[in-house]
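For reference, chains read A, B, C, D, E, F, G and H in written order, and residue numbers begin at 1 within each chain.
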Amino acid sequence: MKLIYKKPDAITERDTTYCPGCPHGIAHRLVAELLEEMDLVKKTVIVWPVGCSVFGYYFIATDAVEAAHGRACAMATGIKRVHPESFVMTYQGDGDLASIGIAETVHAAARGERISVVYINNGNYGMTGGQMAPTTLIGQVTTTSPYGRKPELNGFPMHVPEMLAALDGPAYIARAALDSPQHIIQAKKFLKKAFTAQVKNLGFSLVELVSACPTNWKMTPVEAMERIRKEVLPVFPIGEFKVAKGVE
Amino acid sequence: MKLIYKKPDAITERDTTYCPGCPHGIAHRLVAELLEEMDLVKKTVIVWPVGCSVFGYYFIATDAVEAAHGRACAMATGIKRVHPESFVMTYQGDGDLASIGIAETVHAAARGERISVVYINNGNYGMTGGQMAPTTLIGQVTTTSPYGRKPELNGFPMHVPEMLAALDGPAYIARAALDSPQHIIQAKKFLKKAFTAQVKNLGFSLVELVSACPTNWKMTPVEAMERIRKEVLPVFPIGEFKVAKGVE
Amino acid sequence: MQKGVVIAGFGGQGVMLAGELLAEAGKDEEKFVTFLPSYGPEMRGGTANCDVIISDKPIASPVIGRPEAAIIMNLPSLDKFEPLMKENGLLILNKTLIPREVKRKDVRVLQIDAQTVARELGNEKVTNMILLGAYAEIEKPVKLESLKKALKHFLTGKKEKLIPINEKALEKGAEIAREFLGGK
Amino acid sequence: MQKGVVIAGFGGQGVMLAGELLAEAGKDEEKFVTFLPSYGPEMRGGTANCDVIISDKPIASPVIGRPEAAIIMNLPSLDKFEPLMKENGLLILNKTLIPREVKRKDVRVLQIDAQTVARELGNEKVTNMILLGAYAEIEKPVKLESLKKALKHFLTGKKEKLIPINEKALEKGAEIAREFLGGK
Amino acid sequence: MGEKVLMKGAEAIAEAAIRAGCMAFFGYPITPQNETPEYFSRRMPELGRVFLQAESEVASINMVYGAACTGTRVITTSSSPGISLMQEGFSYIANSNVPCVVVNAMRGGPGLGDIAPAQADYFQATKGGGHGDYHSIVLAPHTIQETADLMFDAFDLADKYRIMVVVLVDGLMGQMMEPVEFKEWVDVSKFKTPEWATVGQGDRKERNIITSLEILPEGLEKMNLALQEKYKKIKENEVRLEEYEMDDAEYALTAFGTVARIAKTVVDMARADGIKLGLIRPITVWPFPEKEIAKRAEQVKFFFDVEMNEGQMLEDVKLAVNGKKPVHYYGRLGGVVPTAEEIYGEFKKLLGGKE
Amino acid sequence: MGEKVLMKGAEAIAEAAIRAGCMAFFGYPITPQNETPEYFSRRMPELGRVFLQAESEVASINMVYGAACTGTRVITTSSSPGISLMQEGFSYIANSNVPCVVVNAMRGGPGLGDIAPAQADYFQATKGGGHGDYHSIVLAPHTIQETADLMFDAFDLADKYRIMVVVLVDGLMGQMMEPVEFKEWVDVSKFKTPEWATVGQGDRKERNIITSLEILPEGLEKMNLALQEKYKKIKENEVRLEEYEMDDAEYALTAFGTVARIAKTVVDMARADGIKLGLIRPITVWPFPEKEIAKRAEQVKFFFDVEMNEGQMLEDVKLAVNGKKPVHYYGRLGGVVPTAEEIYGEFKKLLGGKE
Amino acid sequence: MEKKVIINEERCKSCGLCVSVCPKHVLRISDRINSKGYHPAELFDNEGCISCGFCYIICPDMAIQEVRRPEPVKK
Amino acid sequence: MEKKVIINEERCKSCGLCVSVCPKHVLRISDRINSKGYHPAELFDNEGCISCGFCYIICPDMAIQEVRRPEPVKK
């Protein structure tokens, strides 16, 4: 029999700390597979800020640093500038990147910083118990929007890739989803382009991965994946928003 | 003889602290005129953050608070939320708004905060002696880009209105220029729409005013105005990027 | 009188509810009470436990370093708390999920196949109440009645209909405890 | 020997250059020197001044609270520093921009129509050097020669060609000072 | 007062603040105090008051700063790392003389640390973690009841002195449930916009400007002296402490917050053994009860300071004692809460021999 | 050493750092130290090193944190409000045990204050303005020459202890020009990536993880104890101070930085009058020269602490003196620099009568 | 026949995602219980599995350790 | 005739912007010097001024205090 798929070696033996069915694990596997396939594992430093994936360094076997909440892009900038040979990426939640860390994100993008950002949009703050995030949908109930997110009070869901695409620094900006095998396969392709952008020194790259938080959404994992398709993707459509020449 | 123009009363008798020919004064006058024309002077709180215009409250006669560098939109949010009857605006430089304050700006915009932002793009940090700003043009020499801004090191000039236009919260977003009487007249029209957006409770509004810094550009005021036309406006074109219904 | 108990298990096993219920019952009896939840090192999907103290006097620390009693609902929790138990302390175990025996010889152990019993009662989710009922019966920090009364605080609205089965579970636990005490 | 002087005027009048030149000359003479610039309350377009101290011994504070000498290039600076002058201190004024008389009677005053003199020399911008030359001649913190030598530090590249006129201005100032001293 | 309810400290803080007339909350989630913003998010809209989740702690404190400039009762709550991000804002607020309340539910540090209770932000809170010479009033309750009560005082003091009041608790106080009885609601319909507030000039004769800027050193020195004058007044009038079994004490424990409640048990244990131990518990850690401790320095043989940090309040105790008596110290770090037995054991070691 | 050049303190800092092997600068402009980043922006690219103007101070310190994780000599420089924004980052860096250098050219506060020299960030720098129990080594030079020299030590100490070193100067030191002679260039070609650095695993056997997170309180306590162990070692080995005319002194001035240089003149004035005054000048304000001051407490009649703040180092002096002798204090606020005459006048008041 | 899908039962958290995406419906949640209290997924019809890998692709816990395909029989 | 353009000479900073935008070239920088050392702008040809207000609009220092237009003579 031919081996078609196999847990990548860059994924450690340690059990993840994620809730059952949490797509964080899927994103981890995609990253690990790509680092292996692109022969980057030994060159990589991953910046893990706070969020459910704060312990990510236990699961993906590369050098790693842990950033303060929201500051992953700044920390990655610091590493990459003094050590341009390293492959430097961040793995950030939507609270981390889009709320407290938006300044660092926008500026790393505007500078065209040679880093790659994996951005997990699960529509809330998973780790701290399901508070509203900038990506929370209108009407969605969270622990800090108990009456549903209201645009007149909380504004509208934030579209980070669309916003960053208005800048000149990024080489690759895209959004993918983790809800189905088809979308996950596509997500991997997008991530590969993002990593390629850095390897080829083309500029900043970011892939938003539309994810789920079954625990705080109070759904089964299967229901959560369905919600992505039915409710989230219409607001956060999959697509590539910026593709520099050379990112193939 | 008929009086056509007259220094607005909302401009105090105090001499400004600006360098000769600095357009900050022009922007002040436009704001003061509009506040008078729209009968807002007595309802207004202006948030003045740090920058050459840090003493703005000496020149425009309204209630005022002084914000920490970059935090004007947050402070304005605090005021407006607890005192929605007040007309709350910020007056920010490009260092203040686009660099250190970009998070507060993006989020006030995303929330559709009912505040109006006057954003002075003079391509550098005037107050601190002419350092590079996010808006500094490629090749431009500043005290921290002594060899000219290089995209591979410092990234590209940041287009704030274009970026914010990708959000759903703003009701009015535009860019005008202060280099000529014609453009200044247009700038006033844009500002009026921005203020109207707040008065009509439609959402966040921002007008970028392309300005000059003759002192740090090391030019005469007249040369500086010419540079705006020749070099700056091609990179930062005048226009309206978002106009909600009801902002007329 | 001061009684402290640690309740520990997976998130989702009703550890916190059991603890809060006990605390609420203590409060209703006008005692001093503290309830202190703590979530394991794994933020998500890991173990959770809480410390409940019920006392006649003001309570100094709500932290139970060395438990005199513990309700243990899964194996990792047993691994964690067994060595911490005070001598002669009481360990009430959810045998269904704890395949191993207790190693210490200087503690009292009551093993209940609680999850099975709960399933038999009609709802696996009341496992916690069976164990809590047993604990209350043995250590008597509060009356069983107070626990039942306190259920009304927590099971409101749609959940109100769950009160009877929870009451039954508390009673069932107490019954098992009485057998255990009798059997000694 | 310790000599301190305040140089004050509008931004753009060459206040800082005059101060730095003096400090550089002091350094070249192997003296202890401090130069401390300060910008007025108005960040922009306001007044600027600097404190220069030249000494045989280490200098404690580079701040001159009460000047023993001051080169004053505009009216607001006179308003500011006149009351602060030490008794018998030396005020050297740029008369061209200072329409009023000095009120204090306990200070020495040298008024020079420096801007006019500078214009006559061929460049209004050397006003500062005329005043500095006068100061150096009277108080002798450094030799005039050292000032001239130090010019080379500052006027390099395209500005090198300005050295002669600056030297001339220093000399002219010294000359005026000698007249003043003689006239006393 | 009403009925006793069993409540998490983090929620009791919110409920008490609301009853005390807090009209606006701006903040950002962080463990171990998420229940506070969450509670506000439910209750404030019901009351027509403001709840806003800010984009960060930096934004939160500047929103608070803005709201405070209107004279509105306003609060933010956070935990250690979040509080560190607010330091610039604290400094601005101090020199602007605007009132607000900040709760810090301290957790283990430094850095990300853990989410367990700690007291290692004492220096930050009392000496000024931000730049410049400033102080906030810092209240350190030791039970949930006291926390709920002090929330009222926090707002009153803030308004009285136009100052920031910090309620310094820890993760344990935030997460623990205890029965609590709330004071009566403050009648917010009686609140008036103060004369100094910046809400638009309206009919006021002069316009108001709130600023921490004064570019002339002499002017800024005056502002600083005015601040110091205010601090002096607060030191004279607002020091609070609890002395437990101190009347005849030969030894004094010093502790605040969570450790203080444990220390009470230690005192009881010692008394049961016939040892005359007492406890001095500062309730205001700034202003610190210097005089009171100095007085006790005449009486006791030594002080024994216990904290969940590396000895921070210890310095204030030493400064107050000023060498008159020995001051010993015991502490646990990183979120470990000492037990009464442990502290008593350490105390007995100090007594010598016996243990 | 080379030739003497007349240089602004702010530029001397940059030049000295560069010679000391600083490979990267990340920072954000702020008066009164803009000349430092500006100088770096000219020189670093020439040397193939990194200069990056960050979007804010929050970003700066986190860039520094990142670069420090690679074991690269890295610096940021700022002034009071900017430093306040870095407090969370400082705390993370402390518990991550990575080396870096930070310069704070203090200005008048609190809040926006002014751009004049001040020393009111002493507490922030020495007691930890961020959360948690941590310290940085804090160097307080008093001349530009000393500043230039200490920049070398700053980087060496940072690397030796894997710690943040703060160079605490003020606006006056930043803006003033004095002649300065620089030490020889450090040979950066000899720098090696340390074993612990996170630059990609490469051939290393184990991968490296740099984190300040340890979710188990017991584990975090261990991390804290390791930190405290390090601090102890530093306290034992790295205390530096200058004693000026202290051998036979009957009175001791205590002062740091700018005030200390003025204090030297005060000592000279007193000596000229036949009064035996000396000066104790801590060069490391953390670790503070406690023992040395305690020793002098046996000798002098009283201490007279002078600062440009409301009495911050004063507390450390008092803690060291521990009640043995009176400690008096005089200070100016908000950016006002006291003169030697003024300080001497105050001192003579303390002597009694005569003035 | 060798199993086409190898499941590490100790890693499985019983989330059911693999079951939900299997186009051939040959996966299910088993009755067994692992040490963390989860009922791991199992391949109950090896024959029916087409080795598409969807289960692997969506498994968030890398519990689907391997997926294999029978070598095509040479004609 | 009354001046069409009233310049507050004390406020003027001699920037020359008004001069540069005047379509009729009736403004210039004067020889006078104000208390801050600036040579204020002046309207040297009141007649020629068309009261367009450009000078007012661009003056950053509100030194152009007023601009007036002669009332049209009724026919």
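By definition in this document, a contact is a pair of C-beta atoms (placed from the backbone, for glycine too) under 8 Å apart; a residue touches a chain by one contact, two chains touch by 3 or more.
Keep in mind the model is a prediction, meaning the values are calculated, not measured.
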item: Graph separation of chain D and chain H (steps between touching chains); value: 1
item: Hypothetical removal of chain G, resulting connected chain groups; value: one piece
item: Contact-richer chain pair (by C-beta pairs counted) among C-E and B-H; value: B-H
item: Interchain centroid distance [CA atoms averaged], chain C/chain H, Å; value: 87
item: Centre distance in Å when chain E and chain H are each reduced to the mean of their C-alpha atoms; value: 60
item: Inter-centroid spacing, chain F versus chain E (mean Cα positions, whole Å); value: 29
item: For chain G, residues that touch 2 or more chains besides their own; value: 13, 36
item: In chain F, residues with contacts to at least two other chains; value: 52, 55-56, 58, 81, 88, 92, 96, 111-112, 115-116, 211-213, 215-216, 337
item: Contacts with 2+ other chains: residues of chain B; value: 18-20, 22, 54-55, 66, 68, 99-100, 102-103, 107, 127, 134, 154
item: Residues on chain A engaged by chain F in the complex (per definition of touch); value: 41-45, 47, 54-55, 57, 61-68, 71, 74-83, 85-87, 103-104, 107
item: Contact footprint of chain B on chain H as seen in their complex; value: 2, 4, 8, 10-11, 13-17, 20-21, 36, 38, 51-54, 56-62, 64-71
item: Chain F residues touching chain B - in the complex, by the definition given at the top; value: 28-31, 34, 37-38, 41-42, 45, 51-53, 55-57, 81, 111-112
item: Sites on chain D touched by chain F in the complex; value: 20, 23-24, 27, 32-39, 58-63, 65
item: In the complex, chain F residues that touch chain D; value: 4, 6, 115-116, 143, 172, 175-179, 258, 261-266, 337, 339-340
